[in-house]
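This is the structure I have questions about; it appears just below.
Chain IDs A, B, C, D and E follow the sequence of writing; residue 1 opens each chain.
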């Protein structure tokens, strides 16, 4: 029985924010499931709700934000758990890596102490045990001379090294699920590649499930098996990465892919990139119905009526667009 | 002009000899060096220094665009600041239209600034939040000559139209615009003096994919229309490839490779360029 | 109950040192006089003089030779004997070149002769009818030659009390000296003085029971103790004169009509109310009720604003007349100044109030005579002579008064003196030398069971040996 | 060094007044401050009684229909004195803050613009002034030039110079690090023009907030100086002086101390709340979040 | 680090030297002199002149400045004009009160302010926050001498728990002792601390709130720390960085604030000594006291800088 329940099951997730202009729904109608060992990518432009979704999974939404729907982790309803119970999960069974390696570490604590903290907290290790374990972890994520640098402070490390340290922290207790929220956006491409390789390797090695958030199509393409494209707080298309990237069923997905300058294709003088008209609207200004309505070249009155239902296109590949239903 | 070897040849005095290329030489950078001093750690003894640029030389011909790529800390921004004469180099020269910018008297340099302008990375940070778009856009003119208010207004309306903003936007404040629109404002500011050269330091790296495409198109259009020359700095190889005729790869303050972007990115020679190109995540890898 | 033999007194100001011959602060005398140090004569609450270290004395008819017979068998706290040599040393020192005694001039005119161990003769160059009173003041204490220079910190005298502790800024503690001649009669074995300048703190300290008696408390706080059964309030007369001093040398104040106008513009009752909360007796001249030869001169320049305006018009003064009024920091001056300024304003005299520190008052007003009007209390008991000093800060010059004063100095018969004094008072009143305001009264607030407090206070003194608990 | 909020707000941002209307601290603060100003202005044209008129037969009266707040020890009308006293508070605040702001901001801007040894010198000078506690400085100055409101104000103002210099420098440096400054330099503008056109407007909100705080502190400082007898001098009324004078009668006529105390507390409270409100309203981070 | 300390020390000495010159010349301009004040208005002019000569007031200013500086270096500060006691002794006596008073109120300030500030920040925008910060607003708005009088009214006059002022001294022989002395200092310390604590509480609150918004707090929470644990382990030390700076500045204000409170509670402290000595023109005392205060302030700021380095590891490599 237990083997059939997915590790993570998100249903009808909706997140409401208190803003100056009243309560707005920042995320709505997001569904996905994740089995053990599976990898999922969340992709979308800035402000589409990727981070809020991730924070909702951690139970760390900002003050004034409310989550509704259902998040079941290993059969347990997270939205119903007390903060205390959540604390036992966080850092223990669910780990998270954040975008900014420069600010994600406490500047006044040594990195060793910070890496050892979840170990002492969740596994009740003594200081010496935690230290040995933390050094091993740091070495595993590629910090040279980890034992010597255990008592160094974050400012004594480079950006790439710091991101490795935060990964070590997230992995310390061997979580079942790792959430990485744009873990490489602040880094160079060469470092980005190293970090992504590291995460991929660790996921494979430990059999963790991974949720990787990025706005870089290439990163998602190379790192995860399944992809979920978000726009305006909603999942507009999801399925196996190969299928989503290949079929590009939703007009937003199409627009996104087209706008991307590609490396390697020969440069034609005066070549123009196809663009998506308009700009991403504010949360409070989102149109009713399909959030992409208005910017979408195929907008029709029906688009504004209601959020289009998910249309299954392929095994596991679905998208929300009314045009898809009409298509054969 | 594909390899490092060409540095030597282009370093030769061109004089009237450059005529085999139809476009005249606009910018000539020779052996540019720059050090930043580090804070003293000991009472006596020498101050440590960071060599941000170590002997960089290149030329840009009018109407062409040169891309500069390289990892963080390779000296890209330093190069931009030196070309813009915002800092004094530790060594080397920057000649625009035959004049060494760093040897010009202050007054002449100010006048010469009409010919070269800059676009910055951060569309939120590079516009003064307390000035109207009109004031921001006309800033280079305010600093240059004593144009009347009416003239300034007219010129502002003109450039705003050129970058695709509405006339009504002139009296708004930056925070009323989206990132892409802000970058347009920044570009309008650079365009207003009808410069020959625009130095753009990471002009699109803070923008979303869909907005980035709009700005890249705008830059391309403007070049076509006005024949502006770009010195485009970016860490995104694809962006550079899309816009530039020639690329320099900067590594630890030195040029390690240069050439046409297609060639360079399809067949990198220098190990560093190879690593760089290999690291770019691609969707066609699927 | 434990209070039976100790008492805590409070004073507004702390003495800077404990040597009254080296400083003028009245607080020095308040702590030391008759307690640590003694004088040849003792001034009584009613202003009369009785023997103290001198058993008796004789005065020559010309008032120039005084013969004192000293008490025998006394010694100083340090064990040295008290005798005629000590008296001579004390007086010679006070009048000597290096003397910093406030009354240096007086002692300089005295010659002290030792007749035998217990008899001294004082020869005075001038006539000083009040010499016996003056010899009872703190400046005339008898000191012991060897310890004289260290008296400021380690006072040595012949008095009933000795200094036991001085925590500077906070308190001084005196304890009874067992070898004193009538040690058995002393009820208070231990007395401490606390220094509380802030008037609110004074009230609080009394109400909280921290102090048993407060001599010369700020009058304004008296009201809250009058009806309180825990306290007794003693209101005592004084020899002080609070005046609105006028710079007689300055124009237009050199015109007697202008000065009279000022005097007529002042409603003394209101001033007494405002400056001293009603605790004062109006005076019309530089002399106080209760002093020898006093005459009531308050009717000479009565409160009459109309007359004041007339006088100013007569004098041809252009109104509004702007005068500076310099006010030293004492509350009576600051408060009274405000009231007087309001009164003068009614007759067209605008007074610019200038509040100064004592130091500034002493150097600017008193020293450099740079002022028009100033409000000040003169506490010296007999100081009519200041009107005859040509260089005094008042700038008052009157040949008539000078003659009169010369006569007073040489008038040996009390009746003559009284008449002459009366004449002098009237002259000053008619000349309107100053705006004479009132004789202040001192308020002592004390625990209701404390006995022996001085009813009247010709000089500032806290005679501990007279105190007891009932 | 110091905790200076790096506020680079957009004034007049749209919705400033709309947001302001709903900001509790701002509304209360603005009302109290307006009340203070109104009292001072009113006193110029009208007071219930002539403020300097004494009535020795009507001293220390309790509040009545005649004297709304009662009378003082000279029989003067307390309500009138309070109204006139507001002038002193405003005078102290405006001039002291004016001195501090004018000189301090200039020094701070200079330090931020020039950097290097100039900055070092300015900051050391500020440290130097800080080495003398404010009250001590005031006492010494009033001792030299005589007590009085003008000297008290100058003393307070002098002490404000380094305070403003530090705040200005810190926020100006933050502005100097922004890219739009680089843009202005790329346009060929010199440091003085940049300071005037870009830096000053962008740190204005910080200075405004600081000014309201210092204003409040100045009112308290005047009260403390008056208590020590070094502030406003008679017959001019000031709240500090009224409070100081009422201390003696605290046990007899407590209301005498209550009114000026209340007036000071409300004025200071108002200014502080106003400053708090402005800080929130002018901070773009807050603007975006709420 | 050594360079850092050395440089701070050098500027410290320069500051003090500058301060000494300013202090001396400011006092030089004061009208009036100690001899006049000591002997009062009725004194004979000859006596005043004799006293002035005895006190050395008739020497040129430059000579006296030199003598004073030399005295400062050798520790021979001379005698007070008014008290004719050694200045060093006088100051030491006063410091025995002022330093404990300042420390006591600083301790009170810190405890109150940190507790209130952290509590309010933890309850951000809730009732507890409003309550505590309302109190803090009130604390800032009330003049401290007024508050002191209220304390006396309540605790000394009404309840008679404490004496209304005065200081019994630290030793039993002067009628005091450690406990009575502390008891005498308690109300003044509270009066002094109230305002400072209110200010510091507000700063603490906003510092804690600022740090709470930092990314690393979210990281800590993501590790499974409860809100409270994250606050204690990760927020506080970071929030201390701005708080410590303000505390340094406050210590200076506190030293000056003692002048007022010492007046209300008639405590023989350094503040009142300065105040009185200025009035008495006892400039020897004033000069040295002011220098002492300045030195303490500068020193405290120096210590704050060092403390900074202790709290924030980034400072060590940092710029001068």
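We adopt the following convention: a contact is a pair of C-beta atoms (placed from the backbone, for glycine too) under 8 Å apart; a residue touches a chain by one contact, two chains touch by 3 or more.
Note that the coordinates shown come from a computational prediction; the quantities given were computed from them, not determined experimentally.
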Given subunit B and subunit E, the chains that contact each of them: A, D
Highest C-beta pair count, chain pair: C-E
Centroid comparison with subunit A (C-alpha atoms), farthest chain: C
Chain located farthest away, centre of subunit B as origin (C-alpha): C
Whole-Å gap between the CA centroids of subunit A and subunit D: 50
Mean-CA-position distance for subunit C and subunit A (Å): 91
Rounded Å distance, subunit D centre to subunit E centre (Cα mean): 23
Whole-Å gap separating subunit C and subunit D, where each centre is the average of the chain's CA atoms: 45
Subunit D residues counted as touching two or more neighbouring chains: 143, 247, 250-251
Where subunit B touches two or more other chains, by residue: none
Per-residue overlap in subunit C, given as positions that touch at least 2 other chains: 198, 200, 204, 207, 329, 357, 360
Subunit E residues touching subunit D - in the complex, by the definition given at the top: 11, 14-16, 18-19, 26-27, 29-30, 137-138, 140-146, 149, 153, 157, 203, 206-207, 242-243, 245-246, 249, 252-253, 255-257, 259-260, 263, 274-275, 278, 290, 293-294, 297-298, 301
Touch list for subunit D against partner subunit E, complex: 1-3, 124, 127-128, 130-136, 139-141, 143-144, 216, 220, 223-224, 227-228, 240, 243-244, 247, 250-251, 257, 261, 264-266, 268-269, 272-273
Touching residues on subunit B, where the partner in the complex is subunit A: 71-72, 178, 180-181, 208-214, 216-217, 220-221, 224, 235-239, 241-242, 261-262, 265-266, 275-283, 285-286
Sites on subunit C touched by subunit E in the complex: 14, 16-17, 22-25, 97-105, 152-153, 165, 167-171, 173, 192, 194-198, 200-201, 204-205, 207-210, 329, 357-360, 362-364, 366-367, 376, 378, 380, 383
Interfacial residue positions of subunit E with respect to subunit A in the complex: 124, 214-216, 218-227, 233-234, 237-238, 311-314, 317
